[in-house]
Every structure is written in structure tokens, then in C-alpha cells.
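Naming follows writing order (A, B, C and D), and every chain is counted from residue 1.
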Amino acid sequence: MPALKFTNLSKTFPRAKPLFGKARAGVRAVRPMSLTVETGETLGIVGESGCGKSTLARMLVGLLEPSSGQIEIAGKALDTADPAAFGRLIQYVFQDPISSLNPRKTIRQIMETPLKQLHGMDRAERSARIGKIFASVNLRKEFLDRYPHEFSGGQAQRIGIARALAAHPKIMVLDEPVSALDVSIQAQVLNLLADLKSKFDLTYLFISHDLAVVEAVSNRVIVLYFGAVVEIGKAEDIFNSPKHPYTQLLADSAPVVGRPLKAPEQKDSELPDPLNPPKGCAFAGRCIYASDLCRSTEPELRVMGENQLAACHHPI
Amino acid sequence: MDLINWTRRGLIATAAASLLTGTFMTTAPAIAQTPEGVLIVGQIAEPKSLDPAAVTAVNDFRILVNLYEGLVKYAPGTLEVAPGLAESWEISEDGTEYTFHLREGVTFHDGTPFNAEAVKFNFDRMLDENHPYHNTGPFPLAFFFSAIEETVVVDDLTVTFKLNGPYAPFLSNLAYPTGLIISPAAVAQYGADVGRHPTGTGPFKFAEWRSNEAVVIEKNPDYWGDPADTEAVVFRPITDANTRVAEMLAGGIDMMVEVPPTALSQFQGEGFNIVEQAGPHLWFLILNAKEGPFADVRVRQAANYAINKEALVNNVLEGTADVAAGPTPPAFAWAYNDDLSPYPYDPEKAKALLAEAGVESTEITFYVTEGGSGMLDPIPMGTAIQADLNAVGFDVKIETYEWNTFLGEVNPGLEGKADMAEMAWMTNDPDTLPFLALRTEAWPDKGGFNSGYYSNPEVDALLEKARVSTDQEERAALYKEMQAIVQEDAPWVFVANWKQNAVTTDRVGNFSLEPSFLLQLQNVTKE
Amino acid sequence: MGSYILKRLISAVPVLFGITVIVFLIMSMIPGDPATAILGSYATPENVEKLNRDLGLDKPLVQRYFIWLENMLTGDFGRSFSLNRPVLDEILERFSATLVLAGTSFVLCAILGILAGAISAARQYGLADKLITLVVLIGISIPSFFLGMMMILIFAVKLKWLPVSGMYAIYGGGDLPDLINHLIMPASALAAVATGVVARMSRSAMLEVLRQDYIRTARAKGVRERRVLMGHALRAAMVSIIPVLGIQAGFVLSGAVYIEMVFQWPGVGRMLVDAILKRDLLLVQGGVVFVAACYVLFNIAVDVAQSLLDPRIKT
Amino acid sequence: MTFLRLLFRNRLAGLGAVILGIIIILVTITPLLPLPDPNATATANRFLRPFSEGHLLGTDHLGRDILARLLYGTRISLAIGLVSAFFAALFGSAIGIIAGYFGGRIDNVIMRLIDMLMAFPYILLALAIVAALGPGLMNALIAVAAVNVPFFARNIRGITVSLAGREFIDAARLAGLGHTRIILSELLPNVLPVIVIGISTTVGWMILETAGLSFLGLGSQPPNADLGSMLGEARAALITAPHTSIIPGIMIFLIVMSINLLGDGVRDALDPRLKSGALTRPRATTRVDRKGPVPQADQKGLLNIQSLETQFHVGPRIYRAVNEVSLHVSAGECLGIIGESGSGKSVTALSVMGLVASPPGVITGGAVRYDGEDLLDASYERLRQKRGNNVAYIFQDPLATLHPLYKIGDQLVEAIQSHNNTSTKEARTKALELLKSVRIPNAPERLDNYPHEMSGGMRQRVGIAMALANDPEVIIADEPTTALDVTVQAQILTLLDDLRRERGLAIIFITHDFGVVAQLCDRVAVMYAGRIVEEGQTKAVLDAPAHPYTKRLIACVPELGGGRRELAAIPGLPPVVDRLPEGCAFAARCDKAQDACHRGYIPLNGHAPRAVRCLFPEEVV
């Protein structure tokens, strides 16, 4: 049974109605997409700013009401009426570790909330559980009575992860969990996440803009562009043999030691305007392979090669 | 360094600017002296209207009497009735018909003639609900003339009022500003706005009214009598007493009325003249004779003894009032009972009376107003009275109300609300105050102002009788008897009779105050 | 921009409508009635009742409200009984006086306040800063009416530099110098607190802005420090100063009540206080709606100014 | 207690606290003082001047002792001010929090209502409330509190809106908290300081307003008086007996002033930015306070940083952000500085042109020589002429570093005109050329754009164009691509590389990304805890890192194409630069560290350009 399944999930943000004339079309942050995440899998979600990856993540954990579509966790459709029900199934780790911790609460208070609210534990149970979790994320127990501002980014992110673990979820959505951290700390946290996954039988949705990081932690990777999935594939394949030109562009753009500097695309290309989306393939304006077909018809996600899907009329 | 330079420059510029302002202020024509021949009067408020039938405030009357004239007027310096627009009059034997012979050749400021029709128009407008201009009202003091049954135009210069019964104060009421005659043509022309376009027959005619700045009246060159001695009079409403005093001291006005007692000492030096005049005014405390401690006459007397009225008039009011002895002010000389002397200040006696009465609770709720016509510093007065009463064993709690709320609370009667309330009346006839506020028939539920529910059949009888008597001596005797009884019964605490005051600069000549509290400026000069 | 202004104007309509309801409700809650006020000492319950009936005050509240509203929408604000003239005439006349006073004070407080705040920030902890801080502190700690009274005492009564009260000299005035002469004291007394508030706000806004990266950018470009402060920093600080100016405008307009009383300024504030005391319902209602409309309009103007200054605001 | 210490560090707040304290003590013990009855009238003794016998401050119009009345009046005024501020804050904050938290329609309706109340002239509103309720202190209190509710509501709503968007609120929802709990346990503690600040800064105002109402006769009932009604009562005698007005006036002034001073102090003390000195104005140039001797010029490179030391002095703490850093760059050369956050790389860069915010920054040693001239010694004007003209900067976040309110054309023109007396028209032409040179499409239209109207990549191009405006010889680029997407980053890096080659620019490029360094820089310096730990030709350093830190740092960066794997993390955290350990700063995290590493000074050794600061380097240099 898949851990998480969503069908036709989409989000459109309405825009203020102008004084005159009819209501304008909303901004389609996430176009209808369907996906299945297997139990125990790490699904990497990669894309540049504004591609809709955070919107998607927030819908999955119930922080944002989808405009359409269903979410199923462990075969059961999610009930939006009870926010606590979400919390026991799926948890979220935020990008900015400091701002996700209430500055006026001690770490203990922060940690206790999900235990109390989601699992109704008494004081002794909570204390024991917090001890276990803290041990597993390599945090010392004396940190519990300190306030968030006393911690470095890496420590704060561990606390964030610990809090998510406290809910004892099946699935964790990790939204750029390391992008605010220094590289030496980033590696610590990524390794920790990998440990926890096996230890607690978790399923990860790992969101990042950093291809190398995604590649290093994921089983499968999906590439988002302009609110839509453009490519899905195994982590080891997707950047080595991308099918979609956008994936190719991403791979080529990443600065890699030993690779000479070159501009991978035209110098004057601009991103599509979300307020005025182009017809057809959203990437057509930046794509060297773009044809008239691309500019008129939106490509569907198709299977290309083994276990690799891409939405492109002219795959590489 | 650039950084320091510019801030320094900024500071220098600011300093220069303030210096400039300074020199501007000093070199600017310091307060211009008020011009010659123009009298600037500091008034206590903006007039409500300059339609004599529509207003009730002395403040407004002070302007009106210079613009308008009535059939009769108060003789200068007295409250006696003297000819005005009517040269003479006859009263029928039974006292129900008054016939007036009008002065010839008088015209209104708009050029229309003054005649018997105009007189009839004026009274019908106030009294006849079907009169075409009755809707230019309301006419709050129309009841002064409610005795009039019919106004008859006998000929162009003769008019007769038919009354529904003998009514002694009628002539006196005609002399009151409500009886001033307005031009019918002006009423027809301006309708309800005629109050902003006053048109009378007086020695001054209306020039201009700038809201809350000034009402300007000019000499009427076509006046039938002696022309005014100033070119113009400007009435400036300055509601804040302190600002009024400051204006006077700074030379912005030539004359101010109702000088706050505390400020009087400022004008005792050179350059100013203080003018005083006692008038028919009584400042008193209504006592709730129906319930509470004051239901007992001894407690009411105790209150009269307990309050140090000498201290109030001499200290709080700085000598701008005399101690009142009874319900009738001495200004009504003919009706005043000289034999009465005020309750002395005798706290021991008060305590004794209180003990004798043996009231259980001496808790007193005391309504104090914040202002109001004739109220003479009501809050300091109230506070001082509270202290005096507390000193003999009362327990007085003050509640202050702004004047209109105060009237709304007091006029319907004190029952169930308060034991004592401040009040002041200025009247034009010895009949008015006791008739409206002391009779049993004048209890609030019967439409009177006897808010303390005083009731003494003897007093009732005396007052009814005095009202229909046409013989002044007989009336005087009745009033004097009434005063003695009322003083003894002490339905009120009789506190003060106001001596109205005014201050003028020494450039103002020939000015005196009238006992009627009106401000006749016709003969005033201004250098 | 035009449609933005229009949109703001339209959105102001419900606010104004709400204000009419509030003012009407409050006035109907006030005890005492106009009839008592008209009749004065001679108000007997009987007369009062009759007069109230004549004035149409015996009708149900809701009915009275809609009659009033309907008349007002057709431009008829009714007739003030305490002044015995049409409400609108009186308001228009008095409102211009208030605008002169409050407008001058507002301009004073804006210019002086921003200047003082900017200088203060630019010379933080320097002598100028300390001096300005001190003056500003005094400014915001003195009740304006007390300041006004003291000014009259010193400058008008003792020194005789300035006229005590009024808007124009009664005779021989009426020109601009005369008006300015009469304006100096009330306008500065009224502006004192607002200037202090604006200066403090400007100072902290400037300090806040001076920490921003774009100030460092400007310096890195080699822009002269004067321009950095008075151009870059002040302009950016204006974004947070302007809303404060908007609020201060409200305070100045409201605070004019005291000043108009102390200085006998023939303005609308004093008129409204009198009208409340006299229970002159129509005058209060009309006047408040007028003042409120003015305030709302001014705030729209502030928002428009803000959006002109700050292109990031969507219009 | 840090709060009190912070509070009293502000001497004016201390003064306010002292004055207010004295007043509060005085009014608390007032009933115990040998004072005459404040309500005892003695009208014959009215208007006694201050220092009269038995009446220290004289008597009022009824002969009552002013001192006694003043103290009793102050009690009332203070109580009213505090209580009304409290209630205004209570209701205002509740409304504000609800509106701000729920947003949408609820917010809209509430805020429209607040708008209505605010549009109602507040004195008239108070007056009407008092008229409706009747005069009296309680009613005046209600009125004053009521008219101030909107201001609290607006203020708190603003704060709440920004807090409600913060991630910890989302986190609380995921932890299963309902709205009420979130408001009470998550939002309120964060809003509370703002409310306290609001109260402390409005109590004074409330006292003024209550005084105003009392002045109009709507406050306390005789014989009691608060300060406002004392003033109101005394007004009639202002000219005759000014002391009766001036004494309560001064009292109001003292109370309000001391409350304001204290309120400012509270505000500053509760404001976390104060601790970091963020509310002090940065000077036009960084403060230079060199203790040691100035290093001699050694003719290296065009821009030569010699033994630079920059510190941050925050209270008693000294953060040694940059320690003995020597770097140089020649024309046409690109020098990379790499390091993690807090390593001092940006501070080094900003120190060059005196752009480190000061306070708290101080340059305490070394020299920065441009073409041989020591910039740390230069006058402000001399430095200003060099800024942008000879040495230009490109900063990290192009949205924050461009002025949001100026069109980019104007910002470019300004950069040009700061160093050249060109007409605006000429400068505009030049600006257009610049935009074209950084390859901005539709350059003529872009001149009239505001920064927020452009994408991140375009903004950074503008930043580069601005740096090029005066044809500088040196460009210091401080993480110019960190905030950008990879595709955009690639374009910007190419652009910079092209410019360097075309114009012969010397570039100092600061980054934390080895890939970027590898692609762009000729030489690289690695910084750790404020010091250079390794430097050399880029290829040499990357291929064979000598310092264990460098080596392990390279190892823990995942590289594209490596597939799924375990990463070689470095344990521990970098040291905080105000408590640097003796010896090697990396020793605590280094698996090769020995006792010697924890002792003494470890110099930078090697043969130029290669050098390493390690006793046991991985490679011999």
C-alpha cells in the first residue's frame, strides 16, 4: 500500500477582483498533479523558487486547503475536519529552523505540545518520550529548558526534526530542511535524517532547490517547473540522463568543481509570468528545442525509458 | 567634514528661522488699539438668534435691546416700566384690557413703518398656532403673554390687548426683551432665518454676524430718538472666561460683562473701570421638602444657618453678590421686605437644630451644575457649600451636570434623585419666581418649577391674590408677607443676590449697567 | 492610480455610513433633550414634551435615523435649533476655520517633526540630538490646553506680542499677516504634541532605515553622506512616517477642540462641543459626519501619497 | 533582570524611573503625611501664594491646601491613566489579535469598525460617552479607554498579522493546537511585549487625555480633583493667581514626562534589536582604532589587505570577526574567499571601504592599501571618492541592497553623478549602456522599473551594472549569487567572468560554494573563525587541500552525480568569535588534533601563494 497518494491536487490563489471588469483568473501555484509515494521511500522534490514546491508541501500537511484533488494516507482519504488527525499521520519540517520555533517557549514546552495534543500523554510518558527522541537526534537533555534563540541553526533544525518526530508520524515532509544551514552542518543533518528514517520506518518527501542534496538523499526525484511536474525518475538516473530539457538545464547550471564555467542558456531568457501564464509548455520560452507544438499544447507526463516520466514534446 | 557641515547649516537655518519669527512677532503691529467710536464688547457666548421672540438668554438680550424696542421699556436704572414705542397706555378698570398709543413716524431698519399691524403681527406670531409665521419659532417665552386673548388693531397707531383675566405682571413682561418688536416684512422675507437678519427699530441696526467671531451693529442714522453715540458696537463671543479676561487685559475688547470674580482684582488699577449693579437675581438651593432629611423644616433651617453666605459672596464671589435674605431680590425695591434679615452663619445653631430634628441620615445628594445663566461659579460655590454643610454634620455628595442635563434632571422634580440642587433665577417681576417655583400648583407634575415640592396654602393664596391685583401697593404688601413666611419655612437656602458687573476701559464713557441685566449702549461713548 | 483612488473612495462609503449609525446611536443615548436646551430655565415637562413633538423627536429611533439619513443624502443636514440656522451653513463656515488652524498645525508638525527627527537621527547621541530629544519630550508631555493658557499669559497678556484670541482682528485686520498673527499661538500649541510624536517616530524610523542594506549600498557607491541621509534614508523612512502623519492628522483635528476653546477660534470643534452640551442633535450628527468624512478623505490622501512614494504598494 | 539592567543603562529612562518613583512613593504615603484635609475650605485664605505659612504650595480659590490636593489629585490621575491604559490595551489587543489571526472577512469587518471609531474625532467621542454616561471619574475612564481601543487594536493587529504568518504558528497547528490555544499560548506571549510597550508609551498620553476631559469638567466630582480638574478649576484665576494653574500643570508635565522617559526605556529594553546595538546609527565610515603599528606598504597587488583586524564591540563583549587577515588582488585577477557563515569573509570585504556598520564594528589593526594608499587612514571624503569609483561592491541580496523606492535608472544615475559632474541626461545615457553591458533585455524600459518589479537575476544584474558605473578597478562581490536559483546563478557567474576578462577587473569573490570558486577564481583563501586557514591557487587547494578543515569541508558537500549516499559530515560547531579558543580554532572538531593544536599561536605557513595554518597539514605546502 502506498504511504501517500494524491490525485489531481491543485492550488489556485484567487486574485482581488478589480473594480471594473470581471474577476481575474487566479494564480495557479500548483497545477493538478497526481503522485504516489511508496512506504519507506524518500521522494525528492526539486525546483527553483516559485515552482510550487512549498505550496504542494503545505497542502499535504493540511496547512493549506487544496483547490481540488484528494489526498490519501495509508489508503484512507484525509479528513480535513480534524487537524490533529493530520498531525499523527504526516509532519512537516520547516526551512527556517529558528522561525519555526516559538521564541517565547522553552524547547520542552515546544516538544510537549504534540505529545499532549496528538497523543494525550501524561507528564511521565512525555518526559520519557522526549528523552528518547532527543537521544535519537543527538541533542542533550539540558537543552530542554533553554529558549530557541540560544541555539545555532543546525541545533534548531534538529529540534524542529525532533518536534516532528514527537508526533510519531508515518510521513515527514521536509521543506528545504538544510538550505539555511552551513555546508558542514548540512551534512550532519542530512545524515541524521537518513538514520531516523530507517530507525522509525519513515517515508520522506524531501523538498529542495539543491540538486546535489536531493540526489544524495532520494530514491526518486520529481522535478517541478511552474507549478507542474515536468519529470519523474530515479535519483541516480534523473540528472545523469535527463529527459526534460529543464532538468538538463538544472543539471548543467549547478556549479561543479572541475567543470568549466559556461552559460547553459540564452542570456536574456526570463521566467514565465504567473499572472499571465503562457499557452502550451511553460518552459518553451527558455527551451532550445521548443517548437510551435510546444508553444500551443501543454505536454502530458509520459513514460520515457524505464521508470522515468517526463512532460515534453521533444525529450532528450 | 560634509556630514557635520550640513547639520550645522540646518541648525543655523532653524535658529535663523526662529529668530525671524521672533522679530516678526515683535515688529508686527502689536495688538492694534480698538478703533475710536467702535465699542467692542466681550460677550459670554455666541447668540443663539437675534429674533427676540426666539431667545431666552440674557447674553442674547444684551444685543437685542440695542437693535429692537418694545412697546414699553424699563426706565433707566430701575425696573419700573416707561414708555417705549408706545407713548402712553391705558388699563381698563378690571385689568383685562391694555390699550397702547404708538409713537408716530417710527420705521424699522428695513424702511417699513412701525404701526399697530406690526404689533399685532408680533404677538400673533408667537401666540397663534395658525399664524402663517408661527413656524418661524419655537417661541420658548411666549407664555409670558399667554394672558393675551386677542390683539386688536384699533387704528394705525392704537393697539389693544384683551387679556383672559387680570394679570399684574403684564406690563413688566412687555418691557422684557420677549416683547421687542420685529419687522413683519423681515419675518416674511427671511422666515426662520430672520434671527440672522434682525430688523427692529432701535438706535442700532444690524451690520454683520460672523459665526463665533462677532456680531456687528451700526448706528441707525434714521433713529427716531437721540442717535447713538458710537458708530458701531461689536459683540465678540468669548465663551472662556479666562480668555475673556485676557482679551480685556490685552486690550482686545473695550468692555466685558460677567467678569469672573477671581479676575476682578486685575481691573482694579488704572485704565479700567468696574461697573456694578444689583439686579433681580436670586441664587439659591432647592431643598427637597418631600422626602429625605429636608422634609423636616428644622433641617432646612439648619442648612440655612450652616452655610457661611458672607464667606461665599465675599470670598468665592469676591463681593460680586450680596447675601440673600428671602425669595425676592431687593432689586424689586417696591416689593422687597426690608424687615427680613438673612439667616446668620451659625453652625452651632445648625447643629442644635439637626440634633433637635433627630434625622437618621444626613446623607445629602447635591446636584451642582457646571455653568448656566446666572449660576455664578456654581462648582466652587457648591464645593464651598458642601464643606460648610459637612462641617455641621451633613454628609453631602456632589453630582455635577452640564447645564442642560442639569435642567433636565432638576426641573422634573428632585424626588427620588436628590435632596438639594443649585438654582438661580433672573426675573423681571416679583411675581415670576415665587409664582412659578413656590406654589403648590407649581409642583413639577403640574407644570411648574417647584422642584422641591414646597407647599404652604398661605403662600399659595398670597401669590394668587397678588397676581390679579392692579394696585402696586396692595401687591407689595402681599409679597412682603409671602417673603416672611417663606423665609421661615426655608424651602430653599437663600444664598446670594448677584450684583452684575462689567469692566470697561477708560476710553469708554457714559456707561452704566441696568438692574434688568440688559445692556443699553445707546448713550455710551468710546474715545 | 485613478481607479485606486476611486476604489478607496468607494470603500470609504460603508465607513461613513457606519459613522452615521454610531453618531446617531450615541446621540440618542445621551440623556437630556434639545427641548430642555431650547426652553432653558423655563423648561417644564409639559413644554418639553410638546416641543419634542414639534421637533419630530417622538418618532421611533430607526425611523428618525432614516429620515435624517435620507435628508442628509439630499444635502439637507437639517436646521440647528441652538444656532437657529441650517446645519450645513454653520458647518461650512466653521469648518474652514478649523481647516486653517488644524492644517497649519499639521503642516508645522509634519515639517518640524520630520526635520527634527531626521537631524536627531543623523546626529544620534550628539548635542543636536539631545537638544531635540529634550524639546520633543517637553512637547509631548504638556497638555495642549495648558500650553495654550500659558502662551496667552506670557505672549498676549504680559508681553502683548500677539493677540489673545480669535481668528482675525475685529477691526482693521482680515488680511494674511493678521491671520498669521492670530494663528501663531493656537497653531503652535496645537502642533506641540503632534510634532513631538512625529519627531520621535521620524528619529526611530530613520535609525531603522539607516541599518538597511540599501544604505550600505548607497555608501558603497560613494554617494555623499548628506544625500544618503536626506535622500535615501529619509525617503525610505517616510514610508513609515506617513502613516503616523495620517494618525496625527486625526489627533490634530480632534485636539483642535481644546485649542479652539482656549483661543476662541471660531472652528468646528468648539461648535461640536457646544452642540453636544446643548443636545443639538442635528448639528452634532452633521458636524461629526463632516469631520469624519474629512478624516477619511485625508486618510485616503495619505494612502495615495504612500502609494506614490512606495511603488511596492499595489494600487 | 537583564531587562532592568538594559532599562537603566538608558540614563534618561533611569531619570524617568526616579522621578516617577518619587511621585509614586509620595502619593502612596500621602495619607500618612501631615497634610491638611484637601477638601477643607477656608475661603478667607484663598489664593495664598506658595511658601505661605502652613501651605507649602499655597491655597486655591476656596482656600484649600494645594499641596494636599495636588498629591491626592496625582493619585487619582495616575490611577486613571494606568487603569484606562490597561483596559484600552486589554480590549484593543483582544480585538487586534482576533482580527490579525483570523484575517479574511473577520479582519475586514473588525478593521472597518475600527476605522469608523478612528474617524470619529476622539475628543468628541469621549465627550459623547461621558455625556451619555454622566460625568464622573469612572465614566471618564471608560471614555478614555474606549477611544484608545482602536489604536491598540490597529497596532496589535499589525504585529499579529506578521506573527501569524510565521512558521511556528504553522508548527503549532501541526502539533494539534486549536485556534484558541494557538492564540493564547503561541501568539499572546509574543505579542505581550508589544502590548507592554504600548501601555508604557500610552499611559502618559492617557493621563493627558483624562486631564483634558477633566479640564472640560467631565472628570472627577467635587470636592475631589484629579490634576486635570485642578487645572480646569484654576483656569479662571490663571491671571490673578497663576500658581494655582501652574502647579498642577507642572505636575502633569512631570508625570507624563517621566512616564514617557520610562516608556521609551521599556520599549528599548524589550526590543531585542537594542541588545545588538541595532538602534544606533551606523556612521558613514567604520571606526578605525588601530592599537598596534600600521604595517608597511609591501607593493603586493592593486588592493592589498594587510593584517586586517575588525572587531565588533557589543557591550562588554568583543567579537573578533576578522583576525590578522592579509589578502591582495591584482588587476584581471579573481580572488575567492570561501568560508561558512560567521567565518569573517563578509566583514573582511566590508572593512576594505569602511562599510562595516559602526557601531558596533571597529577596525583595530592592519592596513588596507589601494594602490599603496592606506584607506584606513583616509579622510571620509577621500574614502568616499574611492568608493564605487575605484573599488565597487556587489552584495548578496539584490532586493535588500537596492533602494526600494528609487527607479533603478535613478540609482544608476546617482552612482555616476556621485563621482562625475555629468548632466543627468548624459548619466542616463551611460546608465542605459551599463544595463546593456550586463545584458538586461529591454534596457530602456528597465531604467524606469523599480527593483521589486524585476526578477532576482535581473536585480543582481542591476547590482553589477551599478558596481561598474564608474569603471572601478576592483570589484568586491559578497556572495552575489547565493540568493539566486541555480540557472540564474550560472548566468550571473558567466557575466562576471566575461566582465573580468573584458575589463581587466580585479575581483574579490566571496562565497561558501566550492563549485563557484572552482569555476571562477584564480586563487582562493579559506577562512575559519575569522582567520585565513589556507590559501593558494584554486586548483591546488581544491585538488589537494592542506588544512583538515578545507579537506573535510570539501568532502561534506554533496556533488551532483554522486548518487544516493552517506555524507562525510564534520561534527560539532564552529566557535563563537567572542570566545575563541587558544591555538587552532578548528581543533575541537578535528580528528587529527593533538595537544599542540590547543596551545599558542599557529602561524600561516607556506610558500606564496600557497599557505596553510596547521601544525599537521594534510599536504606539505
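Note that in this section a residue touches a chain if its C-beta (ideal position, glycine included) is under 8 Å from a C-beta of that chain, and two chains touch if they have at least 3 such contacts.
Which protein is which chain? UniProt says A = Peptide/nickel transport system ATP-binding protein; B = Peptide/nickel transport system substrate-binding protein; C, D = Peptide/nickel transport system permease protein.
Note that this is a predicted model, so its numbers are computed, not measured.
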Which chain, with its centre taken as the mean C-alpha position, is closest to the global C-alpha centre? C
When A-D is set beside B-D, which has more C-beta pairs in contact? A-D
What is the chain whose Cα centre is as far as it gets from that of subunit B? A
Just the number, please: Cα centre separation of subunit A and subunit C in whole Å. 52
Which whole number of Å gives the spacing of the CA centres of subunit A and subunit B? 85
Just how far, in Å, is the C-alpha centre of subunit D from the one of subunit A? 32
Let me have the rounded angstrom distance from the C-alpha centre of subunit B over to the C-alpha centre of subunit D, please. 65
Among subunit B residues, those touching two or more other chains are 2-3, 240, 242, 246, 249, 402, 405
So which stretches of subunit C touch two or more other chains? 31, 122, 149, 153, 157, 224-225, 277
In the complex, go through subunit B and note every residue touching subunit D. 1-3, 240-242, 245-246, 249, 260, 262-263, 265-266, 308, 311-312, 314-316, 368, 370, 377, 379-380, 382-384, 386-388, 398-402, 405
Could you please specify the touching residues of subunit D with respect to subunit C in the complex? 12, 112-113, 115-125, 127-129, 131-132, 134, 151, 204, 208, 211-212, 215-216, 228, 231, 235, 238-239, 242, 245-246, 249, 252-253, 256-257, 260-261, 278-282, 284, 350, 353, 355, 357, 380, 384-389, 392-393, 395, 397, 400-406, 414-415, 418-419, 450, 452-453, 463, 466, 469-470
List the residues on subunit A that touch subunit D in their complex, please. 48-49, 58, 61-63, 83-84, 86-87, 91-92, 94-96, 99-105, 110, 113-114, 117-118, 152, 154-155, 160, 163-164, 167, 182-188, 190-191, 194, 209-213, 215-219, 235-236, 239-240, 249-265, 267-268, 270-271
Over in the complex, which subunit D residues touch subunit B? Could you list them? 39-41, 43-44, 46-47, 61-63, 131, 134-136, 217, 221-223, 233, 235-241, 284, 379-381
For the complex, give me every residue of subunit D touching subunit A. 166-168, 170-178, 185-186, 189-190, 340-341, 439, 441, 455-456, 458, 485-487, 489-491, 493-495, 497, 512-516, 518-520, 542, 552-554, 556-571, 573-574
